[in-house]
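Presented sequentially are two complexes of chain A, the first with chain B as partner and the second with chain C.
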Partner chain A sequence: MWRYTFKRLIQGIVTVWFIATATFFVMHFVPGDPLSDARATSEQIRKNLEARYGLDKPLAEQYYIYLKNIASGDLGISFTQQNREVNDIIREHFPVSAALGVLAVVFAALGGILWGALTALFRNRMPDIVIMFFVVLGVSVPSFVFAALGQLSLVTLNDWLGTSILPVAGWGSVQHLLVPSLVLGLGTMAFLTRLMRSSMLEVTGADYVRTARAKGLNATQIFIRHQLRNAILPVVTVLGPAIATITTGGFVVEIVFAIPGLGRFFVQSVQQLDYTVIMGTTVFYGGFLVFMVIAVDLVYGLIDPRVRVR
Partner chain B sequence: MADRPFWQSMRALALLAAAALGGLLLLMLIIAYFADLTIVDDASRGAVDFENRSISIVIEQEPPQMDSTRATDAVSGMLLGHLMEGLLRYDGEGNLQPGVAESWTVTPEGAVFKLRENARWSDGKPVTAHDFVFSWRKVLEPETASQYSFILYPIKNAEAINLGAMPSEMLAVTAEDDLTLSVAFEQPLAFFDRLVAFTSYYPIREDFYLSRDGRYGADAEDLLFNGAFVMTKWVHGAEITMQKNPYYWNKDSIWLERIEVPFITPDSNTQLNLFKDGKVAMVQLSPDTLKNALQNRWPIRRFAEGTVFFIEFNHRPERLTRNLNLRKALYYATDTAELVYRVIKLPGFLPGASLFPTWIKGEHDFLRREYPVGAHPVNVELAREHLEKARRELGLDEFPPLVLLVGDTPTSLKQAEYFQNTFKRHLGLDIRIDAQIFKQRLEKMTLGQFDLVAAGWAPDFDDPLTYGDLFASWNKNNRGFFRSEALDAQVRIAQGSLDQAMRMRAFGEIQRILLDEVAIIPNYERGRVFVADPRLEGLIRRTIGPDPDYSRARIRER
Partner chain C sequence: MTRPLLEVEDLAVEFDTHGGTVKAVRGVSFSLQEGQTLAVVGESGCGKSVCVQSLVGLIPMPPGRITKGSARLHGEEILGYETLGGKRVRGQMIGMIFQDPMTSLNPTMRIGDQIAEPLCLHRGMRRRDARKRAIELLELSQVAEATKRARQYPFEFSGGMLQRVMIACALACEPRILIADEPTTALDVTIQAQILSLMRDLQQERRMSLILITHDLGVVAQMADEVVVMYAGKVVETGSSDDIFYSSGHPYTQGLKSAMPQNQDRRAQRLEPIAGSPPDLFDPPQGCGYFDRCPQAMRVCEQHHPPDVALGKPLHRCACWLHDERASDDD
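Then we have the complex of A and B:
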C-alpha cells in the first residue's frame, strides 16, 4: 500500500512538472506581449519592466529560475496587479472557489445518487421517464445557460414577491452560495444520475442480491447494504475528476454571480497575458487535479476491498 | 412492482434523502465558518439609502493598481478619483477647479501652486508641497516603470530622469515651503494646469509610502487618502467600501456618507439583473442589455464617452496601403453614418469625421466648430477611380486580400464585417479579418503585421494635443509608421507655442493633413448608455478624469 502510494505520488510530481514546463513554453511562444499597454512606452521603461519580471534573461535561465521558484513555492508577482503576489491571489481566491466547488460536488453526488436510485426503482415508469428527460437536459445544456437562467429566475422571483429572498449575485453570506453551487453542480448531477441508474440496475439482478433475499434479509437492508453500496462504486470513480473540474471550472458561474473565485482570475490572466498568474494558477490547478485523482484511487480501496493494493 | 420490498426501498431512499438534506445544511454551516461567510445576508442594503446617505454600485473588474504612480486603467482611475485629490480637479462641466491648490499662476517658464492650509491626509496630517515632490519623482524613477510617466515630461529634467540619465532629485519641482510648490518647464508650455488633475499627479506622503515597504496600494490599509472619501474595506475581487473623509477640506460639498461596491463583475446581464433587483444605483448598458432595459421602460441616459475610433493604415514600404490612391479609394467607399446608425446601432455613438472628437475644446469654442471638417464624404464612383489609379501605380492585375486587424469585442467584429462587406460590394476588394485579443492586437500593430487596423484613442487630458501628436513621426503609438514632415512641424507648434490661436490653427492643419493624406479613416466616437436610479442626483459622467463620479451625488427623499 505504501509503495503504491509512493509510486503514485512520484508519477503525480512528474505530471505536474510536465504541466509546468508545457505552460511555460507555450506561454512564451504565444503571440502577444505581456508588458504592452494602450500607451506605448519608451525603450527604457520597457527595459525596466523586463528587468523587474526577469524577462531580460535568456529563456533557458528564465525556465530554470521559474522551476526553482515553483519548487520553493514562490509563484512570483502578477503582471497586471503589480503589487500582489500570485501566492496571495491563490490563497485569497481559491478558498472561495473551493467552498463553491465542495458544495456543488456534494449537491451533485447526493442528488445523483438519490435520483439515480429512484429512477432505477421506478424503471421505465413515469417518474423514471420524467427524471431522465431532465437528466438529458442537464447533461447537454452548458453551465453558462443554467447560470443565466438561475439568475434570471431569482430576479423574477424577487420582483414578483417584492422582496429579496435570495441575493441575485455577490458574495459574503451563505445565501450567496446556494444558487451558484446548485447551478455549478447541475451538469455533474445529471451525469451521475445516469451512471447511478445503470449501475443500480446492473446490481439488482446480481447473484449476491438474490442470495441475500433468499437468506431472508429485509428489503431495506438489501437496498442499502448490497445494492446501494455496490452501485455507488462507479460513481466514486468519476467523483475525483468531477471534484477537480467543478472546483477549477467554475469561472462562468463566478463571473455571472460576481463571486471572487480563482477561476475568474485564471481566465482574466489569459486575456491579459499575465504570465505569472497564468503559470501560477495552471500549475496550481494541475497539481490539484492530479492529486485529487490519486486521492480517489486510494479511497477506492476503502470502499471496495477487491481493489485494495498491497 | 408495488410490493412490500419496493416500498421498503422507497422508505430507505426517503430516509437517505432526509439525511442528505440535513448533512447539506451542516456542510453549509461548516463552509460558512471556513470561508468567513455570514449566515444571513444583509438584504436591506439597497441601491440608494436616503437615511444612511449611502449608495451601492457595481464595477466591472477588481482595480488592478491603486498606486497612483502606476495606475493606467479606468476602474482604478475612477476609484482613485473618489479617494485622492490633485492640485486641481475637474468639475461636472469639465472646468478646472481648485483642489489641494488654492491658487496658482502659470507662466511660460513654470508654475507656482499655493496649497491650502486646511488640506489634510486621512490621518489628520496636513498635505504639503513635499508630498507632491515625492510622488512626482516616484512616477519618473525608472524603477517604478510607470507607463504614464510621459504625462510628466513637460517638467524640466523629467524625461532624462525617466530614462535613467539623471537622479530623481534633479526634477525641477521644489517645495519652497510647506504650502508653495514651484515647477519649472522643460520648454515653454501653455496647458500645464490641465495636466495636474491627472491621476499620476496625485500626492503621496513619503513616510507613509516607505512604511508600507513596497506594498503601497496593495490593500485598504496600504493607502492614505486626501480626497473626498477613504477606503475602509477592500476584499479583493469581492467588495470595496468607501466612506466620507472627515478630514477632507471641502467636506461640506460632499453629501454622501458611504459608497459601497458589493459587486465586481464584467457580465453586463448580471449588472442589469442587479439593477432590476434594486441592488445598484447605476449600470452601463451593452448592446445585449439595452434591449432588456428598453423593455422595462427605464429612462435610458447617454453621454459621449470621448474615445475616438478609426481605421489606421500600415504605411511601411512593403505594404500596398502605402499607396495614397488605394487609401483614398477605401476612404471614399466608407460610409460612417451607415456604420454607426445601421450596423452598430447603439445610442450615443457619433459617426466619425476627424481624429479630433466633437467635444474637445479649442480656443473659444469646440475645436471642431472653429475648424470644421464637414461630414464624411461618400462617393463610390470616386472610390473606384482611385482604386483603378492605385492598381496601375502598383502594377497589379488584381488586388490580393488586405488584412484588417481588429479586437475581439462584439462591436469590433461588427465593425470589421461592415468593412469587409462594403469594400467587397463597392470595390470588389477582399478583406481578411484578423481578430485578436487586446495585447496580441497591440503586438501585431507594433510589428506591422496588418494592412488596416481598427484602433481607438481615449483622451488623457483636456487639450487637443492629447490627440494631436498621435501621428507625429516620433510617437511610439504611431504603429502604422505614418510619416509627414508637414504634420511633424504642426505638432511642434502645438507643443511649443504659447499662443492659443496659433496652436489651434496647428491642430486644424493636423486634422486637414490626416484627412488629405488619408492617414486614417475616422469611424466613430464612442457613446455610453446607462440607467440610473431615479432618486440618485448629481451623478457626473465625464470624458476626461474619473468616470463615473459619485463624489458630488445626493439622494432625493422619496
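Then we have the complex of A and C:
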C-alpha cells in the first residue's frame, strides 16, 4: 500500500513537471510578453525592465531558474499587480474556489447517486422520465445559463418573501456558497446520474442480488447492503476527472456570482501574459488535480476489495 | 404414507415479453417428502428453474406472473406469502443455492458477513455471534481455515469453494428444504462430486429435503430418491429414481437416457441425440408438447393432451397416450 502510494506520488510529480514545462514553453512562444503594453514604450526602459525580471536571459536559463524556484515553493511576483506574490494570490483566493468546488463536488456526487438510484428503481415510470428529462437539460445547458437562472430565481424569491434569505451574489458566508456551488455542480450531477442509473440497472439483474432475495432480505435491505455499494463503483471512478471539471469550470460561475476565487486570476493572467501568474496558477491547479485523482484512486480500494493493493 | 412436506399443484407461470406471453410453466404438480431428494430434470428452457423459483417468489414480477396453482408447505399455502407461521419462507424455511457461485456472491462484502446476514435478519442474532456462527457453518461446509476465510472476499475463492460458501449461506437458518438450481453445472467434474457428496451428507445430518434442478442424469442417478421429468413447461413423468432409469414410460425420458453416455466400451455405444427442438412456448401446442420429436407419435398426440397415467409402482406416473387403453396402435 505505501509502496503503491509512493509510486503514484512520484508519477504525480512527473506529471506536474510536465505541465510546468509545457506551460512554460507554450507561454513564451506566444507573441508579446508582460512588458509589451503602453507604459514600456522607451527602448531603454524596456531593456531595464527585462534585465530586472531576467527576461533578457536565454530561454533555457529562464526555464532552469523557474524550475528551481518552483521546487523551493517560490512562484514569483506578478507582473501586472504591483508587488503581489503569486503565492499570496493563491493563498488568498484558492480557499474560496476550493470551498465552492468541494461543495459542488459533494452536491454532484450525492445528487448523482440519489437521482441515479431513483431513476433505476422507478425505471420507465414517471419519476424516471421526469428526472431523465432534467438530466438531459443538465448535461446540455452551459453553467452560465444556470448561474443566471439561479440568480433570477433568487431575486424573485427574495422579492416575493420580502426578505433576503439567500444572497444573490458576493462572498462571505455559507449562504453565499449554496446556490453557486449547486449551479457549478449541476452538469456533473446530471452526468453522474446517468452513470449511476445504468450501473444500478446492471446491478439489479446481478446474481448476488438474487442470492440476497433468496436469503429473505426485503427490497430496502437489498438496496442498501448489496446494490448501492456495487453500483457506486463506476461513479467513484469518474469522480477524479469530475473534480477536475468542476474546479477548472468554476471560473464562469465565480464571475457571474462575483465570487473572489482563483479562477479569475487564472483567466486574466493568460489575457495579460502575466508569466508568473500563468505559471503559478497552472502548476498549482495541475498539482491539485493530480493529487485529487491519486486520492480518488486510493479511496476506490476502500470500496472495492478487488482493487485493494497490498 | 405420510403427508408430503411440500405439495405443488397445477402451477402455471407466464412471462410478458415484447414478443408476447411466454407460457413457461403450464400446470405442474409434484410433491416432496420429508428428508428426501427430488430431482427436477429437463433440457434448457423446459421451465424447471422457473417452476421452482416461483415457489419462493424469486422470479421477477412483472414480467413474471403465477397464473394458477398452489404450493403448500406443511399443508399451508406459500404462493404469494412472504411468511409462514411467523417464519420467512425465503431464507428461513427454504434455502437456495444457484448455478454460478462466482457471480452469486456480493463481490464487495466479506464472506463471513454474507453468511451472517440471514442470521442477523431471521434469528435476530448480534453481529458478533452471527460471525462466530458463520465460521462454524463454513467449517460444516468443509472450508479449510474457516476463521481466516471468513474475513476474505469472494474473488479470493475458487468456484468450488464459493459453492461451499453458498451452501453455508443457504443452511444458516436451518431450512427444511434446500433448493439447488443446477449447483454443479459451472464446476469441473471432481469438484462436482465433492459438492454433491457434501450436500448429501448435510442433508442426511439435518434430515432436510432437497430439490435438485439439473439436466445431468448422472447427478440424478447419484442423488435422487424421486424424479420429475419436465418438458415444454409440463411434467411428462414422475417416479422413483429406479422407475425413471429402469422402467421409464415416456418416450422423452427414454430419449434422454439414450442420449446419455454410459460406462461401457466406447466403440460399442453410440449416443443418440433427440432430433429437433422444443416447441415454441409463446404458442404451446394443443396436444402433447413432445409430439414433433417423438418417434412413437400417434395421431391423437397432436390434438389431445395426454392423460396422466399411473404405471404400476405407487409413485410412477407418466403423461403419454402410449399408456392409455383408449389409444390403440392403429390410431
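Note that the second predicted complex is superposed on the first by the 302 of 310 C-alpha atoms of A that agree within 3 Å, B and C clash if a C-alpha of one lies under 4 Å from a C-alpha of the other, contacts with A are read in each partner's own complex, and residues count from 1 in each chain.
Methods note: a residue touches a chain if its C-beta (ideal position, glycine included) is under 8 Å from a C-beta of that chain, and two chains touch if they have at least 3 such contacts.
The model shown is predicted, which means the values in this text are computed figures rather than measured ones.
Asks: Record, for the superposition on chain A, whether partners chain B and chain C clash or fit.
Replies: The answer is fit.
Asks: In the superposed arrangement, which partner chain does A:D33 touch: chain B (first), chain C (second), both, or neither?
Replies: After superposition on chain A, A:D33 lies in contact with chain B alone.
Asks: For A:A219, is the partner it touches chain B (first), chain C (second), both, or none of the two (neither)?
Replies: After superposition on chain A, A:A219 lies in contact with chain B alone.
Asks: What is the angle, as a multiple of 10 degrees, that the CA centres of chain B and chain C span when seen from the CA centre of chain A?
Replies: Rounded to the nearest ten degrees, it is 160.
Asks: When the two structures are overlaid on chain A, which partner does A:R91 contact: first (chain B), second (chain C), both, or neither?
Replies: A:R91 sits against neither chain B nor chain C.
Asks: Applying the document's definition of touch, where does A:K68 land relative to chain B and chain C: first, second, both, or neither?
Replies: neither
Asks: On the A-aligned overlay, A:R52 touches which partner chain: chain B = first, chain C = second, or both, or neither?
Replies: first
Asks: With the two complexes superposed on chain A, say which partner A:L110 touches: chain B (first), chain C (second), both, or neither.
Replies: So A:L110 only meets chain B here.
Asks: On chain A, which partner's contacts cover more residues, chain B's or chain C's?
Replies: B
Asks: For A:R306, select first, second, both or neither according to whether it touches chain B, chain C, the two together, or no partner.
Replies: second
Asks: Of all C-alpha distances between chain B and chain C after superposition, which is the least, in Å?
Replies: 7
Asks: Following superposition on chain A, which residues of chain A contact chain B and also contact chain C?
Replies: The overlap between the chain B and chain C interfaces on chain A is empty, containing no residue.
Asks: Can you check the complex and tell me which residues of chain A touch chain B?
Replies: 31-34, 36-42, 44-45, 48-49, 52, 80-84, 89, 92-93, 95-96, 99, 102-103, 106-107, 110, 114, 117-118, 121, 148, 151-152, 154-155, 158-159, 163-164, 167-177, 218-220, 222-224, 255-261, 264-265, 268, 271-273
Asks: For the complex, which residues does chain B have touching chain A?
Replies: That would be residues 4-6, 8-13, 16-17, 20, 23-24, 27-29, 31-32, 34-35, 37-43, 58, 61-62, 64-65, 67, 70, 72, 142-143, 145-150, 162-164, 214-218, 222, 235-239, 262-267, 269-270, 273-274, 276-279, 436-440, 442-444, 446, 458, 475-477, 479 of chain B.
Asks: Inside the complex, what are the residues of chain C that reach chain A?
Replies: Residues 56, 58, 88-92, 95-96, 98, 100, 103-109, 117-118, 121-122, 153, 155, 166, 169-170 of chain C touch chain A in their complex.
Asks: Sort out for me which residues of chain A touch chain C in the complex.
Replies: Residues 206-208, 210-217, 221, 225-226, 229-230, 233, 303-306.
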